[in-house]
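Below are the C-alpha cells for one structure; questions will follow.
Each chain gets a letter, A, B and C, in the order it is written, and its residues are counted from 1.
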Amino acid sequence: MTDKPKENKLLEYWNAFATLVKRHPHVQYLIFGLVLVLFGYLSSVGVLPSYYNSVFAYIIIFTIVALGLNLLLGFSGLISLASSSFIGVGALGTGVFLNLGLPFEIAALLAIVSAAIIGSLIGLLSSKISGIYLAISTLFIAEILRQIFTSLEMFGGERLDIGTVELLGFLELSRNSRAQRFYLFAIMAIVMAVMMMVTYNIIKSRSGRAFMGISRSENSAAAMGISPLKYRVMAFTIATIFAAVAGVLYALYYQNAPTRQWGLLQSLTIIAIVVVGGFKSIYGMFLGAFIIHGLSELFLKELLGDVSYIFSGILLIVVILFYPKGVAHIWVDIRKLYYKFKYRNKEKDVIKDET
Amino acid sequence: MKHDDYVLKLDNVTMRFGGLTAVNGLSFSIKPKEIVGLIGPNGAGKTTIFNCVTQFYDTYEGAISFKNDEGSVNLKDHKVTEVIDLGIARTFQNIELVPDLSVLDNIMIGAHNTFKTGVVQHIFRTPKAKAEEKAIREKAVEALKFMHIDHLKDQFAGGQPYGVQKKIEIARTLMSNPKLIILDEPAAGLNDNETDELEALIHRIRDEYGASILLIEHDMGFVMEICDRVCAINFGQFLAMDTPKKIQNHPDVQEAYLGKEE
Amino acid sequence: MDNFLSILFNSLQTGSVYALAALAIVLIFRTSKTTNFAQGSIGTLNAYVGALVLSSWGWSIWAVAPVSILTAFLTGVLIDTFIIRPAAKVNRIAKQIITLGLIMIITGITPFLFGVDPYQLPRFIPSGSVDVLGASLRFNTVFTVLISLVLMGAIFWFIQKTKWGLAIRVTASNEVTSKLMGVPTKTVTMMSWATAAMLGTLAALIIAPSGSVNPNMMFNVQVSAFFAGVFGGFQTFYGPVLAAFIIAFARNTTAFYVTDIWGDVLVYMVILVFLFFKPYGIFGKAPVKKV
C-alpha cells in the first residue's frame, strides 16, 4: 500500500483493512468463517436451497478432519487410515457422555480427550513402525474401533440418538427448528475458522518446523535435538483431536451419531480431500472438501447418481500423478504464468522502443 | 600439551559393523578453539567417527568424552537428540535440509533445542512464545548475514545451488551456541572462489563464536590452509596427528595415499 | 479332538486363501515397492464378473472361474499400464495413496456394473465329504487347498528356477540396475500386477461360497494377508505364505473359543503389539540406517 489515498475516506479505511488482513492471516480465517455463516444464513432464510446448509455442514466437518490429517500427511509424512474412526470417537463419545447426564461442553471435552489418548498411542506405535507399514497398522486400529462401535451396546447398535443440545447450560438448540439449525451451522463455521487459526499457529512455530524436519530429513532433525518419537506422538495426537472436534460438531449439528459410518471408505475420502486440496495448504482443505464432497453431493448426484467414490478416486490418482501440489496451488501457478506473460510483453516493448 | 585441555577426546574407539571393523582403537583429542581436519582415503572410517561422536551409532567400544562449561561428559550416556544440548552441532555429507521450508526457517530449526515454549503455547500464540520466536528469527538472520546469504532468507531451501545449501547447513549449526562444530565435507562441490570464502568463514566462526571445529575434507589444499592440526587415518586406524606441514611429509600418510614405494 | 480337527481343516482352507492374497501382495511389494491396498477390491471386482456370468448365462463355476481369472489378468495389466507405471517417480506414501484411490474407484463402480444385491457363487465341488476322526472334511476343501498349494509351488519354482523368475528377483532387489542390465523391468512389473490380480481373484472365488459376493467380501482376507506380509516379512516370498497359515489357525481358534467379534479385535491387538516389538516381521531385518 504505497500510494496514499487522498480524496476518499472510505478508500482509506479499505486500505487499512486490506493491510490488516494481509498482515494477519488470523483475520482472514475469521472473515472466511463469517462468510460461511452468511452463506448459512442465506440458505436458512430460503435465498439459497436449504439443503446447502447440511451439505456445507459436512464440508466443514471434513475440512476440520482434513486439517488434522494434513499435519500428518503433508507436514509429518505420516499416513493414517483411521481418521474417519476418530470422527466416530468424537461423535459417539459425545453421545455416550451426554447420556450419562453430563453437560454438553464436558461431554465434548471428554470425547476429545479419549480420542487424544488413543491417538497418542498410535503415535507411539508410529515411532517403531514407519513408512508403508504404518498405513497397515492404522488399518487395524480403524477395524478395532469399528468393531467396538458396532458391537458395544452403549453405542446403541445402528445409531445413538442425542436430540436437542443444551449449550452453556441455557441455550437449547434443536436441528428441527430452521432458525436454531442456522445457529448450529454458525457455531460450526466459527469453530472451523478457529481450527484454521490453530493449524496456522502450529505450522508457523517451532513444532511445525520440527514436524517437517522429522519427515524431510530425520537424521539432521535428530542431530538438532528433535526427538522423532515426541513429534510423531504429538502429530498423531493433534490429528486425532482435530478429528474428534469434527465428531463433536457432527453430534451437535445432526444430533445423532450413527455407528456404521466411520469406516475405511470415509477415511479414504478424507485422504482424497487432503491430496486434492493440496498438502500443507490450509484453505486447500476447505477447497478439497468442497470438491470431493460438495461437488458430488450438490451437482453430480443429480446428473449421474452416486458417483462420489469413483469421482474422488479418479481425482485422487490424477492429482497425485499430474498435479501433486494440489488444487490450492493452482492460483500460485496462474500468478506465476501471469507475471511471466507480463514480463515477456515488457521485454517486447523494450525491443520495440529500440527499433 | 596439557592432557586434560580438550574439547573432544576419543579414547580407544572401535566400531564394528558385523564382521567389518570400520574404526579400530582410535584415540585423539581436540583442543579448545582448534580447527582439526580428519583425513584419510575413501572408506577409512571418517564419517563413521562423526556418527559415533554424535551418537548416531551407539554400539562403539571405547570412550568419547566432551568437555563443555559444566565439565566433562561421556557422550555414550546421551542420546543422539541430546548431543546438541551438550554443545555439538554437525552438518552432513549429503545435504540434509528441509527443501520445502524457507532458508530462514531451516536456520531456525537449528535453534530447536534452545526454545523454552511448547506446542500449547504455540497454539495460543502466548506473548512469551511470540517473543521467543521473534528473538530466534533475529538470531537466524544474524547467522545468515554471517554466512553472506541473508538476501536469500525467504526463498525455499530446496531450490538453492549446492554451495548455498552447504552454507545454510553451516549457518544452522551456529544457532545452538555450539562448543564443537562438526563439518562433513564442507568444501565438496564448491568452486575455487566459494572454497576461499569458506576458509575465511570457518576461521571467523572459530574466532567469533569461540567454537572448535572438526572437519572431514578431501580437498587437501583446503585442509592444509585451514587446519591447526590434521588427524590422518586409514582403514579405521590412527596414522598420525600433527600440523598440516608435518602430516604432509609423514611417511605413513604418504603410503596410505600413494601406496608403498618398492 | 473333532473340534480341533475341524478348526484345522477350516484353517487350511482360509489359510490358503490368505496365502494366495499374501503372495500377491508380496509380489507387488517386491516389484513396485508399494503395498497394494486395492488387492482385495480387485479380487472382489472379478468375482463379481464371474458371479454375473454365472447368474445371467447359467454357466458352471468351472467355466466361470477361467473367465474371472482372465478379466483379472486384464485388470492387472490395465492398472499397471495406466496408473502404476506413470507413478514410477512418486514417493512411497503417494504410491500407497494411489492404491487407496483404486479402492474408491472399484468400490464406487461395482453398484453401477453389478447392482447392489449380493450374488452367490457355488463351491467347486458342491457336496461330499469324508469323515476324519469325527470331523468332516469337505472334498471342496481338499480341492481348494491342493490347487492353492500347487499354484504357489509353481510360482515359487518359477521365481527360483526360471530366467523370468530371476528377472523378478533382480527387479525386486534393484530396479534401476536391472534396467541397465537389460532386464525388461516393465514387463516384469506388469506381469506381477497381472499375476497378483489373478491370485487375488482366485482367493475371492474360493472364499465366496462361505458368504456372498459383496463389496466387503475380501476385507478380512486383505487385512489377514497384510498381517501375513508383516509377520513373515516382505523381504521373502515364503515367509508371508507360512505366516498366512499361522494367522488363519489363530483366527479360527479365537473365533471358536472366544467370541466371534471380540476374537477379531483380539487378533488385531496382538498384531499391533507384535508390530510394536518386531516392526519388520520375524524373518525381516530392519534396514541399516545410513547417515
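Here is the rule we go by: contacts are C-beta pairs under 8 Å (C-beta built on N, C-alpha and C of every residue); 3 or more make two chains touch, one makes a residue touch a chain.
Source: prediction; values computed, not measured.
Nearest to the common centre of all protein CA atoms is the CA centroid of chain A. Chain pair with the most C-beta contact pairs: A-C. The geometric centre of chain B is 49 Å away from that of chain C, both derived from CA atoms. Rounded to whole angstrom units, the spacing between the C-alpha centres of chain A and chain B is 41.
The distance from the centre of chain A to the centre of chain C, each centre being the mean of the chain's C-alpha atoms, comes to 34 Å.
The set of chain A residues touching two or more other chains comprises 219. Multi-chain contact residues, meaning those touching two or more other chains, occur in chain C at positions 289, 291. Touching two or more other chains at once are residues 56, 92 of chain B. Here chain A touches chain C in the complex through residues 73, 77, 79, 81, 124-125, 128-133, 135-137, 139-141, 143-144, 147-148, 151, 219, 264-265, 268-269, 271-272, 275, 305-314, 316-317, 320-321, 324, going by the rule given at the top. Here chain B touches chain A in the complex through residues 54, 56, 80-85, 89-90, 92, 96-101, 105, 108-110, 112-113, 115, 117-119, 122-125, 129, 133, 172, 176, going by the rule given at the top.
On the chain A side of its complex with chain B, the touching residues are 198, 201-202, 205-210, 212-213, 216-217, 219-227, 234, 238, 280. Listed in rising order, the residues of chain C touching chain A in the complex are 34-35, 37, 83, 86-87, 90, 92-94, 96-98, 100-109, 111-112, 219, 223, 226-227, 230, 261-262, 264-265, 268-269, 271-272, 275-277, 279-280, 289, 291.
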